[in-house]
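The two complexes that follow have chain A in common; it is paired with chain B in the first and with chain C in the second.
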Partner chain A sequence: MKLICTQENFKRAIFNTERITGKQITLPILGNILLETEKGRLKLSATNLEVGVVSTIGSKIEEEGKITIPSKLLSNFVTNLPTEDKIILEAKDQILKISSGSYSAQIKGLDAHDFPIIPKLENGFLFSLPAQELKEVMSKILVCISLNETRPELTGVNVLFSDKEISLAATDSFRLAEEVITIDNKEKGDNYAAFIAKTTSIIIPASTFSEILRITSPEANAINIAIEENQIFFEIEGVLIVSRLVNGKYPEYKQIIPQKFNTRAVLKKEDMSRAVKIASAFTSSKSGEITFSINSKNKEVVIKSQSQETGENLTKLPADITGPDQEIVFNPRYVLDGINPIPTAQVAFLVNNNSSPVVIKMVDEKSGNVIEKYTYVAMPIKS
Partner chain B sequence: MTNNELWQTALGEIELSISKANFVTWFKNTTILSKEDGRVVIGVPNGFAKEWLENKYNTYIIKALQSSQDDIREISCTIYNILEKTDAVSQDIDAAKAPSQIKTAYPMVGNAILKENPANEANLNPRYTFDNFVVGENNELARAACYAVSQNLGNAYNPLFIYGGVGLGKTHLLQSLGNEVIKKNPEKEIKYITSERFTSELIDAIRSQRIDKFKNDYQKIDLLIIDDIQFLSGKEKTQHEFFHIFNALYQINKQIVLSSDRPPKAIPTIEERLRSRFEGGMIADIGQPDLETRMAILRTKMAEKGFYLEDDVIKFVAENIKSNVRELEGALNRIIASCELNKRPPSIKNVGQTLSELISSGKRKGIHHKHIIKAVANFYEISDRDIINKGRRKEIVRPRQVAMYLMRIELNASYPGIGGWLGGRDHTTALHAYEKINRELEVDEKLKEDLVIIKDKLYSL
Partner chain C sequence: MKLICTQENFKRAIFNTERITGKQITLPILGNILLETEKGRLKLSATNLEVGVVSTIGSKIEEEGKITIPSKLLSNFVTNLPTEDKIILEAKDQILKISSGSYSAQIKGLDAHDFPIIPKLENGFLFSLPAQELKEVMSKILVCISLNETRPELTGVNVLFSDKEISLAATDSFRLAEEVITIDNKEKGDNYAAFIAKTTSIIIPASTFSEILRITSPEANAINIAIEENQIFFEIEGVLIVSRLVNGKYPEYKQIIPQKFNTRAVLKKEDMSRAVKIASAFTSSKSGEITFSINSKNKEVVIKSQSQETGENLTKLPADITGPDQEIVFNPRYVLDGINPIPTAQVAFLVNNNSSPVVIKMVDEKSGNVIEKYTYVAMPIKS
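On to the complex of A and B.
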């Protein structure tokens, strides 16, 4: 194998593939990246047998071939190179020679024939989503992922398909985040209708989404998605990601989201976030409790906390309130996780009583209406 | 041959031709889904396995399948969901629960899982209770102490140290204590652990650099029970950590219960500060059960197993098997098995035959005088030759007398024989030694314990 490519592209491809390689004691080759020439381009592949990433870049190929190289060493070498135009790769007898400007290296590799074959997409893409929107949605959803392996279905993101919209949700059974993305006809592939006829719900591993978040650059436009027998394919600007799906049935969460509320308080997101952070500092242990008092007469929300060791604190926030007064106790972390990723300046805090789920939603800045697409549900601590 | 058998046979063959790592990675959770006209469909858990089996291992697989069924021509793989079948059950429950149940179960999930079964979490076997513990003169004190502790954690006797030989019921008492506390106060944090496990947990914690968590976890416990503490001897770092945990718990009045096969004084190479702490609370010993207790134990065990023996047979067994309860139970199991197999009634004669190997005049086989000399020499840290040779130094005379005593007791040897084995001594020397040790045993507790340890060593040689 012998080829020349631009250093920028090569660095980008290494960055995309390198992170999912890891130390696998049983199969050491999974710590390697496969470099391979294909149809006049250079293809880099990496996998941990749950997720596979393939990144293809343009290059000038002088001799075909393939080799696998330890990813950590390759990335350490390449990322520290000073910016140059070109990088020259030459593989011979399981050794890869890399040179760029006045730097060069010879890295020992393993036989490419032992590298796992990354599944290929058989049919076309099912639908596509705007990359930046998905990225923003995921940053809101992923905070609710369960880290507890005893319920594997909660370690993934649930995706529900329907004709007009796609809902993504995650829960760890203490709180839940859901966001609905509308999908219009030009984003759907030919077989989308046939697909939702038989499948309406899948679970995607959270780690796959973190990988996608990382690979999606700020310039990316669309993410193409395909789903085939227990696996899902994503395509972002020439990078293909394959992942298994999580087996199991996701809880029917839609039913636990309250549809009606007694009290609504709209307040500034920054104020609320600051007050909760301060209050959490005054709580005793990590399972600390903070109290929200909604006072409709004074038009304010009072957030307070106290503990025997530290003392106490109280913040009054002006708010636009409709409905009766409420007093609810919360774990501050669960509130923060819900409001922190919200991009709007105001949030709506929707309450029924002190023992049923509380919902946090975004508020449109111009019209002042509650935006329905994002829903964060948290259980209060029963007093 | 079913598909499953066929696949297992094939896997056996494939395992031989590829490396272990490859085999585990690619063939885990695979199965044959269907077989028709020489075409086999293999179910695999993911796309990677599908590609790999179809492209790299297809020849291996076909060959392996053909060696059991030669009409197989072709294989293909499909991804299938291994959990599908088991999942069906939980799906039903999920659907049935929604929506009202999920709502209420919501915030409590974490707690519910944690507190599900306190006995399991505490590592206790619910079979052991105070009710099925047979009390006799030998274990009265130990049982009373354990019971008092279970009624009044941290305030009755702290620490409580129980010691006694193997198979006398230390573990039973300790576990009963734990179970009793759970019964009374299920919310108490209880941990039963052997010192072996304690050491390995500690090593794990050190290796994964989570020693702080390890310490914290232990310091939250209300009742810590450590079995066979004597195995801490010689493990300095473990002793050190245990010392701190011990102090932390002791200072806030949390109960600690320990057991060992010998009193704290007699545990070799244990730090002085630990020893003195063990002795600071209550020490109770469990001795060998007397005849009546042994008979009572046999009766209890028989009732548990639903088996019946005549009184004279019970007496015969109890008279002949003296040293420990576990052997007593073993003997009883043996009698039951032999009666059921040979279809004979458990008369004294039959039982005598069944147990002949165990009791052959009360002694076990395969021990002879050389073993005794070796065990004694080992214990007193002198050489075998010293015991046999002429020397009359005090530190040699005592072991020699102990050896003579043991030969008389354990082997039923004649006095002239004993004298002969120990360097041609006179039979009166042996007689004197036997009587002297016998006399001293009545007053000297230390000597008694030494003898127990030597006997243990003797039979474990």
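On to the complex of A and C.
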């Protein structure tokens, strides 16, 4: 293998792939990046056997070939280079020579033939989603992922497909976040209709989405998605991410989301976040309970907490309230996770009683109406 | 106690004091901040029994008094408040009521009479130093602090006093950094001459300097310093830091710094830092050796490293060289610690032979001359 490429491209491709490589004593090649010439381009691949990332960059190929190189050493060398010079790569006898201006190195590699195969996409993409929108949605959803491996299906994000909408949801069974993305015809691939006739629900590992969030630059437009044989493929600006799907059946969560509410309180998101953070500091390390009192006469929501050790605190927040007064007890963490990722200035707090699920929604700035697409559900603590 | 103060002042005083409080099971009051009215102002004090910090702010006192309050809870409450409203403090029966706008809290405290006494300054200040200069000096010196408690004197910064200069130095016996600050007459207190007649060398704990670096804002002008009965006092913008001195005799380090050199190489600091970082990645985890070859004919310094596991690397850096060629082996960490904090674009690398201490100096941009005040000494690895 011999080729020339720009530092900018090479650095980006290393950035995209290196993070999923890791020290594996039983399989050291998983700490390496596979460099491979293909159709006049240089392809960098990495895998942890669950997720694989392939980043392809333009380069001037003088001799075809492939080699695998320890990702940490490669990254250390390349990211420290000054940016002006091109990079020359030359592989021979499992050694990669890299030179750039007055900097040069010879890195010992491992045989490319021993590198695990990353599944290839056989057919076209199923659909595409706006990259920045998916990023924003995931920042709201991923907080609800369960870390408990005894129910592996809850460690992933559930995706439900229909003709016009895709619903993404996560729950750890204490709270749930869901966002619905509408999908129009020009975003669908030729085989979308055939796919959803057979498959309406999949579960994607949360760690795969973390990788996608990291790789998606603020300039990325669309993410192309395909699903083939228990693998999901994402393509973002020339980078391909391949991940296994999570086996198992996701709970039928839609039926537990209340559709009608007795009381609705609309309040400023920043105020609420601040008051809950303060109240959280005053809860005892054991109980962690804060109380929301919705008082329609005073037009305020009072957030308070207390404990034997610390003392007590109380914050009064002005709110727009309809319906009867309520008093509900919460784990402050579950409230903060629902409101913190919200980009709107106001949030709606929708309540039936002190033992039913409470719903948090975004509020449209202009109309004052609730925005339907995002739903956060939290269970109160029964008092 | 009852008083009103601004949030800005109160937040700053908490920021200055809270970090040295900590969870101490045997003495829980060390996790508290002492709030105390004094001469129409509010004084916040904290101590870990080695270092004490006292921050005094303006306030409208309605009733004198004092109380100690858990610092973490106080800080959590106050830093989360919106900034517009004043703060009202009221202490009664070991409980502090705090209110600010629609936010209020009652925090359980501990009796102020049980709070450890922080030594008071009896006489005037001995001398003052420019705050930003001391900050910059410390960023260069503190990297050489020893973490080995078997020689406690090396865990501190040595300060040598003379009529015109103050020398600050640190060494872990593998390398040494020293910077000399000139002190003019208007920076000296009345008792400076009498002090240095008796005392010419003290050792200040490195952790005290870390606290000073944190508290000194970019706007701070002068730091006033006093030394009384094995305690050192620093005053920065109304904040007083009191620290014990380290007992012990500091090594006579000045005599080991070479004054004459066979070879001098001047090179770009950024280039050198980059090349050493890269070389460092290629050293084996055990040895960590990199080689500097100074080649006067080629006008270059070649930095290289290799190991069985990784491979090898080589960087050629253009340099201005006088004197014979040299080849010296270093621990890359010791070179980086010497050059990274340097603000000048060029550094001088001063060598006698491959087994004598090497000196790194800053180089003046305009004249090209070595700047005398800063000296970094590193021992090569004998090869």
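The rule is short, and it goes like this: the second predicted complex is superposed on the first by the 380 of 383 C-alpha atoms of A that agree within 3 Å, B and C clash if a C-alpha of one lies under 4 Å from a C-alpha of the other, contacts with A are read in each partner's own complex, and residues count from 1 in each chain.
Simple rule for what comes next: contacts are C-beta pairs under 8 Å (C-beta built on N, C-alpha and C of every residue); 3 or more make two chains touch, one makes a residue touch a chain.
Remember, predicted model here, so these are calculated numbers, not experimental data.
Contacts of A:147 after superposition: neither chain B nor chain C is touched. In the superposed model, A:255 makes contact with chain B only, not with chain C. Once the two complexes are overlaid on the shared chain, A:314 sits against chain C while remaining clear of chain B.
Of the two partner chains placed around the shared chain by superposition, chain B is the only one that A:173 touches, whereas chain C remains out of contact. Annotation: chain A has no residue touching chain B in one complex and chain C in the other. Chain A meets chain B in the complex at residues 26-27, 47, 49-50, 52, 116-120, 150, 173-174, 229-231, 242, 244, 247-249, 251-252, 255-256, 356-357, 379, 381-382. Residue ranges on chain C touching chain A, taken from their complex, read 70, 72-73, 76-77, 80-82, 95, 102-108, 270-271, 274-275, 277-278, 281-282, 309-317.
In the complex of the two chains, the chain B residues touching chain A come out as 21-22, 24-25, 46-48, 50-52, 55-56, 78-84, 87, 90-91, 94-95, 98-99, 102-103, 106-107, 109-110, 113.
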